[in-house]
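Below you'll find the structure, written out as structure tokens, and then a few comments.
Chains here go by letter, A, B, C, D and E, matching the order in which they are written, and residues are numbered from 1 within each.
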Amino acid sequence: MQNTVYSTRNLEIYYGNDQIIKGIDMDIDEKQVTAIIGPSGCGKSTFLKTLNRMIDIVPNSKVVGEIKYREQDIYHEKANVVTLRQQVGMVFQKPNPFPKSIFENIAFGPRIHGIKDRAKLNEIVEKSLKSGALWDEVKDKLNSSAFSLSGGQQQRLCIARALAVEPDVLLMDEPCSALDPIATAKVEDLITKLKDKYTIIIVTHNMQQAARISQKTAFFLSGHVIEYGETSQMFTKPKNQKTEDYITGRFG
Amino acid sequence: MQNTVYSTRNLEIYYGNDQIIKGIDMDIDEKQVTAIIGPSGCGKSTFLKTLNRMIDIVPNSKVVGEIKYREQDIYHEKANVVTLRQQVGMVFQKPNPFPKSIFENIAFGPRIHGIKDRAKLNEIVEKSLKSGALWDEVKDKLNSSAFSLSGGQQQRLCIARALAVEPDVLLMDEPCSALDPIATAKVEDLITKLKDKYTIIIVTHNMQQAARISQKTAFFLSGHVIEYGETSQMFTKPKNQKTEDYITGRFG
Amino acid sequence: MTKAQKSQFIAFGFLSLIAMFTFVILLAILFYVLSRGLSMISLEFLLEHPRKMGSEGGIYPAIIGTVYLVATTLAIATPLGVGTAILMNEYLQDGPLKRTIRFATEALSGIPSIIFGLFGFAFFVILLKPITGGWSIISGALTGVTMILPVIIRASEEALKNVPNSLREGSLALGTTRWYTIKKIVLPIAFPGILTSLILSIGRVVGETAAFILTLGGTLLLPRNIFDGSRTLALHLYMVAMETGNMDVAFGTGAVLIFLVLFINFTTGFLLKRLVKKFS
Amino acid sequence: MAMTSVLALGLISFFVFREGMPIFTKYGLSSFIFGTTWNPTNQIYGIFPMIVGSILLTIVALVIGAPMGIAVAVFLTEIAPKKVGQFFRPAIDLLAGIPSVIYGLFGMVVVRQFISEFTRNHLGSTLPANYQTGYSILAGGIILSIMILPTIINISEDAIRSIPKEYKEGALALGASKWQTIYKVVVPAAKSGIITSIILGMGRALGETMAVIMVVGNTVLIPELGWKGLFSPVRSMTGNIAIEMGYAGPEHRQALFATGIVLFIFIMILNSVTTVIAKRGNAR
Amino acid sequence: LLTGCGSEDESPGETLSGTITMAGSTSVQPLSEELATAFMQIHKDARLEVSGGGSGGGIKAAQEGAADIGASSRSLKDDEKGVVAYTIAIDGIAVVVHPENDISNMSLEDITKIFLGEITNWSEVGGEDVDIVVVSREEGSGTRGAFDEIVLNNEDLASTAIIQNSTGSVREAVSNDINAIGYVSIGGLNNSVKPVKVDNVEPTTATIQSGAYSIARPFIYLTTEGKEKSALTQAFIDFVLSQEGQSIVSENGYVPVK
């Protein structure tokens, strides 16, 4: 039995008056990949953003209910969102490197957390890029702009950037949807490697991707979790008719 | 044997210096649905836009090679693009009704092609909305803004609008990707009905959709047509390994 | 040609004609002012003091007055304007406060400059005379600040808005504070846009007359500090033209002003281009 | 700090109203606004001629400037090749950047002179003498129309550019010509932005001071009805303030601040209209 | 930058420094400029800022203390209190027409009628058959005040008159219009316009001094009553009224008062 990293209870999320997430109870386990699937607009991104409170920056958003991250209520008034986000890294749909050099992109996080020593920074950058499976491709041009990289490289850079602050969890919102097949394969490989050390929660539109890389899958529909369980089981014998309809492509 | 509506030879398309379509020879048959599938960025939309020369409005685009529509070279210097676009209607990914009433949306095309008589317009509007499977839903509010319709209704409105100028071919670029399952189902039904009178070429991301509604499927990858043939055959026994990888979701 | 093509041909021809006409008007104004003014411009004209109420001599004090006024106005308006823009775009959520500020900013930007002049006269010149020295550069500058504040706020906000949200998210998701994200990511990217807004507002100050005629005093003497009265080039042009009727000096001053505006526009154009390049 | 603009607006309103209100209470609002005599020496304050003057100048400026501005905006967004656009942009920025006194000077020396000669030579017998000086609504309107062009062009251009390209694609794909697409889809869809540009141009024309003083003659006079009125000299509200402010005795000065209040209210009305239009535009 | 904004801080006997501001009449302004320039040549540290605004503004500025010295180009009215007045010169108001206008002499009565709008055609006063364009100054102008009083007996100016707000712009308007008539300070004359004789008397310093030319008025400096003048202000007024100052007055075409 694995440790639970996140557990949500009666989680409801609103944008203004629209209720997007309509009561979700979900426990997410440590050191494995949890995939979230579901048709467009069902609330996958919204749910994900709530786990590291990135949703705070969405105007008029409101979160009701409970989310515990490692036993801590992250919406408790004393909760520290900066620390939370350091522990819970995030990778976005479109690669979003800063308009700085490759080196500075990776060093950005460690710097804010107080690391100034150049040797130490060098070490972190190398380590993170290696963990991000990008080191070999960029080691000779660390000072070039991050924009000079291809889309897939940029995405791995963003993953490496998130790893540089030594997170515990990685949230990924369709990290491959802007990538070509080859880049996608590389990122998938990377994710599979990372799950030994990190807890990964990934939103994807690509059912096959979910099947390939995740251990558990949650199927979202209109703000509800319709089905949540072992990936292998869900893709072979879904319990719910809607799940089956969705994964066989009858809609979405 | 059916008539060929389009045939392309050595078709190459460039945006600036980027070659997007890298030599396509393809014959498209009359009165059936031809689906184009392939991963994001492979050039599906670009190819489609070339068939009614909508690509002309993309700055720096260049088309090389030959496209014949019903034996006419559409890129011939004497070719009339206005007539071409009247014969080859187009439906876009996002429903794009004009900010006018439902009636005016449908009447727009006939009007610009010179029909002024109100009775005649009424008749066309009714007929087109019926063909677009929307008449029953909107017949009592023809003067309301098109924006008051739901997404799926808007998309059917756009289809009806295209039908109002009595086209021969309908090009559709992911017409359901912004729609929910129920609206998708309605549009798919509509497409199936329309294929008796019109030649339909549809780009889709949804493999199941292609399987459900098309008779022929072309698989595009990086500007090439990897495989093109009977849909039934392609989804059951693809000839090419890449096609198989793609339709079984190994990438994309 | 079909009917549609024919009407397109006529319409496009007509529109192009009007556009050309507009262009010609601009050229005509430029050409006229420069052709009458250029011959006046010489080193003496630029560096000498005026005599006979400006109808003789040069325009040196007006140049210096303009520089003083612009510098003072910007020194006060920049922190206020950029600060407000940061607050509006990065911190405030929609609410009464933001709406009030937005309303005030928009209302200010619509108010005619003569009203700013009336206000500046009643408030800075008369009421605050012990502090501002009455008609003075500081009175003019404070009046100018109220005028250009909306320009700076709006353009800076625009610059901040153009910073892709994904970069803010990227930074915040690494566990940074908002201010750190603004300082390290947002402001550096928005900088050219903000700079552009400042230069635009220089143009506004340089070109303004109605507000300054009531607040600067309009003396021909060289200002020594910001508590002295002064006149700007635009004010000088107006006063020379209206009080002395010496059109040559007026056009000479006009030509100098046009060069100034050209310089300002060139610089903004350059900055904007850099901005665009950065994002493409 | 962010409250500076709120503070500034508050102070401005407060001062202008405080200084101007006594006139209303003393002589009555309607006699101030509808009075046709302006004779501060004898304590008669009626600004109706100035209100009429401001409105007429604005109308003439719009009649000339709005169609031109919109035409240029359409030309630049939809017709002109990129190269031509690159030529135009700096030209329009320059037009916007030229100080108003230069327009005034040009108007006074060139436009006024031209109109004066034209009236002398062609309309000498039909127009009264003070309509033949060139100091006129027409001169003011022409200069103002040039001055508001950049506002109208830039804002209309933005409005047209921000039309979703889907509309255009939709129309073109139905076989509409470029021009049909422009006038049947693009311009109607950009309507609220275009109207906003006109109203902002209106505000600019109404608020312009120095250039107007230099070319309109500043006579306190209600122009004749009809085309002849075009050649009449007038005084604008802004001109009234700027010309007489320096000279004014206590009550006279209050009357000028009161003129400011009226102008202020005009502008505020225009501003709210733009806000409403912008809101409606966004709501779509 | 934060230095010397007041003039109160001088003690007499030291070299004069500080700033005084003068505002008001645009007719007095050119003379004030000359006087100030001469004064500043003697007192290098002094700064005399001269601005316009018009007589009404000058009087007001002196009353309120907005300026150290106000300037007016007409005598004070009975209700204009709270100021100390120093007459520094006498100036004539010349009636001017376009240089190509044939008329060079007019009766005062005709001039009155023209400005009242009772005569509207040049032929009525012996010129060509064209309408007259009347150019006047704005409310609050000292020149206008004096002209209205002397020529129009305070009756209302023709409502069709073009209004210009400074001596220079009246001159400009008349010089641009062959049918125009206007009036300006004689110190403000130049050859772009032609002064006419009034009842056969030419407007010159001599005829004004002798009283033969009747359209004349004083130039007045005003200071705030009951407020002690700064040493600099006092020194400047003393200078203006001195031999040296008055010779500058006559050099510039005005009638000295001493």
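Convention: a contact is a pair of C-beta atoms (placed from the backbone, for glycine too) under 8 Å apart; a residue touches a chain by one contact, two chains touch by 3 or more.
As the structure is a prediction and not an experimental result, all values here were calculated from the model.
Q: To get from subunit A to subunit E along touching chains, fewest steps?
A: So the least number of steps between the two chains is 2.
Q: So, comparing C-alpha centroids, which chain is the farthest one from subunit D?
A: Of all the other chains, the one whose centre lies farthest from subunit D is A.
Q: Where the centre of all protein Cα atoms falls, which chain's Cα centre is nearest to that point?
A: C
Q: Averaging only over C-alpha atoms, locate the centres of subunit B and subunit E and give their separation in whole Å.
A: 82
Q: Between subunit C and subunit D, what is the separation of their C-alpha centroids in Å?
A: Here the centre of subunit D sits 19 Å away from the centre of subunit C.
Q: Need the CA-centroid distance for the pair subunit A / subunit B, whole Å please.
A: For subunit A versus subunit B, the centre distance works out to 35 Å.
Q: By residue number and range, which residues of subunit C touch two or more other chains?
A: Expected reply: 4, 241-242.
Q: Where in subunit A do residues touch two or more of the other chains?
A: There are none in subunit A.
Q: Considering subunit D alone, which of its residues make contact with at least two other chains?
A: Answer for subunit D, listing residues that touch two or more other chains: 176-177, 180, 245-246.
Q: Any two chains that touch count here, so list every such pair.
A: Between chains, contact exists in these pairs: A-B, A-C, B-C, B-D, C-D, C-E, D-E.
Q: Using the touch rule from the top, collect the residues of subunit B that touch subunit D in their complex.
A: Result: residues 52, 54, 57, 59, 82-86, 89-90, 92, 94, 96-100, 108-109, 112-113, 147, 158, 161-162, 165 of subunit B touch subunit D.
Q: Under the touch definition given earlier, write down the residues of subunit D that touch subunit C in their complex.
A: The touching residues are 1-6, 8-12, 15-16, 19, 67-68, 71-72, 74-76, 79-80, 87-88, 90-91, 93-95, 97-106, 108-110, 146, 149, 176-180, 182-183, 200, 203, 206-210, 214, 238, 241-242, 245-246, 256-257, 260, 263-264, 267-268, 270-271, 275.
Q: Which of the residues in subunit C come into contact with subunit D in the complex?
A: Per the stated touch rule, the residues are 4-5, 7-8, 11-12, 14-16, 18-19, 21-23, 25-26, 29-30, 32-33, 79-80, 83-84, 87-88, 92, 100-101, 104-108, 110-119, 121-123, 145-146, 149-150, 153, 203, 206-210, 213-214, 234-235, 237-238, 241-242, 247, 250-251, 254, 257-258, 261-262, 264-265, 268-269.
Q: List the residues on subunit E that touch subunit D in their complex, please.
A: Going through subunit E, the ones touching subunit D are 23, 52-57, 59-60, 120, 130-134, 138-141, 145, 148, 156, 159-165, 173, 176-177, 179-180.
Q: Give every residue of subunit B touching subunit C within the complex, in rising order.
A: Of all residues in subunit B, those touching subunit C are 82, 112, 114.
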